[in-house]
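Here the chain labels run A, B, C, D, E and F in written order, and each chain numbers its own residues starting at 1.
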Amino acid sequence: MRPSGRKTDQMRKVSFERNFSKHAEGSCLVKFGDTHVLVTASLEEKTPPWLRNSGKGWVTAEYGMLPRSTHERMRREAASGKQGGRTQEIQRLIGRSLRAVVDLQALGERQISIDCDVIQADGGTRTASITGAWIALHDCLKWMETRNMIKVEKVLKDHIAAISCGIFASQPVIDLDYLEDSSAETDANFVITGSGGIVEIQGTAEGAPFSEDEFLTLLGLAKTGCAELVELQKQTIA
Amino acid sequence: MRPSGRKTDQMRKVSFERNFSKHAEGSCLVKFGDTHVLVTASLEEKTPPWLRNSGKGWVTAEYGMLPRSTHERMRREAASGKQGGRTQEIQRLIGRSLRAVVDLQALGERQISIDCDVIQADGGTRTASITGAWIALHDCLKWMETRNMIKVEKVLKDHIAAISCGIFASQPVIDLDYLEDSSAETDANFVITGSGGIVEIQGTAEGAPFSEDEFLTLLGLAKTGCAELVELQKQTIA
Amino acid sequence: MRPSGRKTDQMRKVSFERNFSKHAEGSCLVKFGDTHVLVTASLEEKTPPWLRNSGKGWVTAEYGMLPRSTHERMRREAASGKQGGRTQEIQRLIGRSLRAVVDLQALGERQISIDCDVIQADGGTRTASITGAWIALHDCLKWMETRNMIKVEKVLKDHIAAISCGIFASQPVIDLDYLEDSSAETDANFVITGSGGIVEIQGTAEGAPFSEDEFLTLLGLAKTGCAELVELQKQTIA
Amino acid sequence: MRPSGRKTDQMRKVSFERNFSKHAEGSCLVKFGDTHVLVTASLEEKTPPWLRNSGKGWVTAEYGMLPRSTHERMRREAASGKQGGRTQEIQRLIGRSLRAVVDLQALGERQISIDCDVIQADGGTRTASITGAWIALHDCLKWMETRNMIKVEKVLKDHIAAISCGIFASQPVIDLDYLEDSSAETDANFVITGSGGIVEIQGTAEGAPFSEDEFLTLLGLAKTGCAELVELQKQTIA
Amino acid sequence: MRPSGRKTDQMRKVSFERNFSKHAEGSCLVKFGDTHVLVTASLEEKTPPWLRNSGKGWVTAEYGMLPRSTHERMRREAASGKQGGRTQEIQRLIGRSLRAVVDLQALGERQISIDCDVIQADGGTRTASITGAWIALHDCLKWMETRNMIKVEKVLKDHIAAISCGIFASQPVIDLDYLEDSSAETDANFVITGSGGIVEIQGTAEGAPFSEDEFLTLLGLAKTGCAELVELQKQTIA
Amino acid sequence: MRPSGRKTDQMRKVSFERNFSKHAEGSCLVKFGDTHVLVTASLEEKTPPWLRNSGKGWVTAEYGMLPRSTHERMRREAASGKQGGRTQEIQRLIGRSLRAVVDLQALGERQISIDCDVIQADGGTRTASITGAWIALHDCLKWMETRNMIKVEKVLKDHIAAISCGIFASQPVIDLDYLEDSSAETDANFVITGSGGIVEIQGTAEGAPFSEDEFLTLLGLAKTGCAELVELQKQTIA
């Protein structure tokens, strides 16, 4: 039995609150149960140096956790003077995932900076970030379309969503919360497009190694879960 | 006329949402109009080195702005590797203000860490932080009282609230929003206790120097405003 | 009684030694009793990026303490790898104070960098820095006038001086030395122009909150004190 | 056709040179073709703070590239003052991979630090690092066994090896070199134990998303490849 | 001819002003012509970790230049966030030179921290620092002797002095000022004890390599110069 | 007797392995006995800012030690976030030494970056680095000559080699290994050109000061040793 009483293939309640921020071109407060992430998408007219005069744009992401988003207060990264390895790993993942569904040529020589700030953490912050970032990115592109800068359908090629699956108490389950995550034997994150293409897989054995069959079960759960998330995205922007 | 249509002595709508965070011992989402700050109060059993074996505790504060809490995206301080001068100035002010109403001996050898994170900025983030932090601190102390660690009334000697006043378009006004703040001739922040004692005054001439009379008018506005804020705090914790 | 035997409205002996540095365009060793600060004003032909092509110049300040300027040796900020919050607060204050009396348009697209280095500390280093910096700035502008770069009277609109006042042993006193400062109930710094306009007020209750009346007494002391300091500046540059 | 003329399931020539370092308890120069990594295993009697008095030990890893191990000289991380996100990601992966086959209780309260320094890079530095690190770790444990500190067979539960697979020119291939890696559509790293258990999977679509079938083909290649690498490890330590 | 009109074997006017600092246990403002360095010696009861319980003490040194001690303003090292290579080289040299004449066992488990801060630079700051540091160190030890902590004669085994020599305009000269230093063909620093023993030699060809004979001439100049400096030290502490 | 059984004037076995690196324009694995340093020379078309449009080029050097190149594992400088004082001292020395034999005008507006990475340390890493760097630099220039960018004989004016000498067990000896180095009374490094000109001398008394005679004996040993090293360089590039 899962601590939350959920079924093995049951995700937490997921919600998207659009336009959460007054200033950002696109923004979304995404909730996967008690995991709450504020995502903003900021349009910037500058691009990274290596893209100058290439005609191509860029989508990048930064990730942070508020110090008391967690059970125990964590040290503030701005105070300790650097972003930790986990933070960098996650923000690189978010950026890659979004770029997989963006036509950078069609975006033109501009950068969209995605900021994912975890307001409250209960497991799955990176998957909630990616899934919510798609909404913020979409709304930022809509904002640009209104100003005749781009066509959303040219730039945004597909949906993208992410979910974690893992083996908890010997059972493959979807969307691990903190209690499950901290004692799972295997933990895997999947990033999947609206058309079912796989963009990222990250699987880690926390305890004993896992088998190909176990992994395929997790992948199966993830495909169903991401399809649900994409459906929710569609309803949200409808 | 003020851009918002407010009267010169009219504050923005102020609200406190207690228990905003699932994990923190005390927390509050404070809003001064479009300025939204999430404040958490975290109890930590350690104290700073210089208080070891003194029997006294400590209250400290950290402050941060989400990168897109502002009109233009700011660089993330964790990414730039240090907290700027303004950030440090503000978090020192918040800490001093709260300690002014706390009996550190009665708190005992523990630290309460206040985190003020600006979710959305529209002027007055430091005064909103202080005013909301009092609620989070109070609730953290209540949490401790429930566990027989302290008596709230022994530790928390008074209310504390803060408000900015300034001279905008040659008129003394209270609670400046971003539009006013960015073109005010004089800008002052006041931190005042529930019993009307002054804890901090910070006045700065942005343009022409100001006179003693002008300053006294600002102080008068601040005293009335802080009294209102304290009244709201009382209703909130009632 | 004050530890130094001074009257409540009596400042320490103040002196300015001009041209202390062989290299700087303007320099001054300012002494407020045992507090000694070396101030240099350096003309630089570059301006900050945000002023490029604006036709306006800039005055900025940096502040530092020699490691053994204090009773106990402090850690060298260059060795610890960053400037502390207090340092940043003070250097921001010095820069703002000086800019309040400078016509940046008349200065032209150049920067004057003020360096305030505390050789020996005995309380009041920031007020001594501001007061001495006015001399160094003036002499730097004179140096420029000699080379037909500017007219001093067009750029430097007024004098600026600063003094601390506080409540020590229940008595309002002016120009606190270290012994007084470390046990004062209230500590306030005032920056005032030659014509009596107020530029900065920073008042802090170190112990009990203070009242409006107490604050007005401190402001009264400060106005008299700053007028004396401005008089001394006038004699110095005469 | 692969640029190197290799078959799709053909790894580069792999070699291990044991005892490359005079000082380290265990060391190995591992070569996957033109990718050369020097791995050392250093026994340290200290453990991380969170393991004090737990009776358990730790295996950790650091990774670095010599500045001119690459086609273009890279900036030295020691000179730029921090380890980049990619470096941190890789060293976290190496550490997790090795810990998956180590009984930390049987190791006792000690730390083994693995250093993987890339002497020359031609793709696959992280997989070469993990595969070579197993040799260095084994030899370090042998060194300890000789001194009656541990039993190797109790501490080292299995072999571990890693290989990259990817889709290059629409073909699934194993062990990508730099030329392939820089234009692969999909790139995946697999870490697999001697008994065939999966410890880590990291798959990334560099261009178009990939399908489940494509992924399974890559996993199949990796299982065969890692089995070969484990065989080579066995011959090496025989 | 030397720009200053000095003879080839003529040092600049050297002076020591003892007890320059009110707070430090020992201090000295040393001047070699227009090069002015403030040296303080601070007694600290802590020692570096590697000397704990060894019964031995330590003498260490830090060096810094005020930003406008030089012809052009330099960036403040505290602001740039690190000490440059030159700074570290010099402070290591100062520390080694002083330790060469100190009996660390007789000092006991304490640290004396020497701070050399360049108030004004005109060449030879490191040699002035070492020569003046001996005075500050001596006075710090005297301060300790007065408090029955040590015997000066047991701890301080000899005098130490330093001078630069170089080949300027094809002539070997002593005590180079900035003008000479910046165009010297060869530049060498010598640290020599009161009894004539050599402690440090650092010779660098800035242009063409130098010969053994040239080097011996420089060494000869240095020996005479350091003997004069030691004589001045003796008069100063007499 | 020396621990290694060598005669007082006998260097360790020295070897140069050219073209050690596949990517670098010039490279050399230099061995002085058990001290092994990998040196690469990288051609970069950029020059430092202060040489822009001067027509002159630059040769610079960086130095690092692999964490377990030493008896005890050292902390990785990239992880600790800065290069230590010793590292900076050595890399400045290497750069100066090479520039002494390079005609920067004839090099043209380009930079050659020398990286010296210590694979295994047993004393004398800086002298091995300089001596091996000459080979890597030579080969980089040859690479450029092949592409008609420069003439080697115009750019590279002479050979350069370096050796340490010291007083060990009261005997002057050449080329100290780690055992000798760690207990030598005096340690000196000499950098000498092919034509016998001295470029750098660094002598330090680790224990008692040394005399002029002792120093001359060390210099004599160094001159013979460097001549041998230059001979080996000539054979290597023949």
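The rule is short, and it goes like this: contacts are C-beta pairs under 8 Å (C-beta built on N, C-alpha and C of every residue); 3 or more make two chains touch, one makes a residue touch a chain.
If you want to know which protein each chain is, UniProt gives these names: A, B, C, D, E, F = Ribonuclease PH.
This one's a predicted model, so the numbers in the text were calculated from it and none came from an experiment.
Chemist: Common contacts of chain E and chain F?
Modeler: Touching chain E and chain F alike: no chains returned.
Chemist: Have a look at where chain D meets chain F and say same if over half of the interface residue numbers show up on both copies, different if under half do.
Modeler: Answer same: the two copies use largely identical residue numbers here.
Chemist: Sort the other chains by how far their Cα centres are from that of chain F and give me the top one.
Modeler: B
Chemist: Taking each chain's centre as the mean of its CA atoms, which one is most distant from chain E?
Modeler: A
Chemist: What is the distance in Å between the mean C-alpha positions of chain A and chain D?
Modeler: 28
Chemist: Suppose each chain is reduced to the average of its Cα coordinates; what separation in Å results between chain B and chain F?
Modeler: Averaging C-alpha atoms per chain gives centres 59 Å apart.
Chemist: Any idea how many Å lie between the Cα centroids of chain B and chain D?
Modeler: 50
Chemist: Counting only residues that touch at least two other chains, what does the list for chain C look like?
Modeler: Residues 81-82.
Chemist: By the touch definition, the chains form a closed loop. What is the full order round it when you set off from chain B toward chain C?
Modeler: B, C, E, F, D, A
Chemist: In the complex of these two chains, what residues of chain A are touching chain D?
Modeler: Residues of chain A touching chain D: 82, 84-86, 88-89, 91-92, 96, 100, 188, 192-193, 195-205, 208-212, 215, 219, 223.
Chemist: For chain C, which residues are in contact with chain E within the complex?
Modeler: Its residues touching chain E are 21-24, 27, 34, 38, 40, 42, 44, 62, 64, 66-71, 73, 76-79, 81-83, 87, 113, 115, 117, 119-120, 122.
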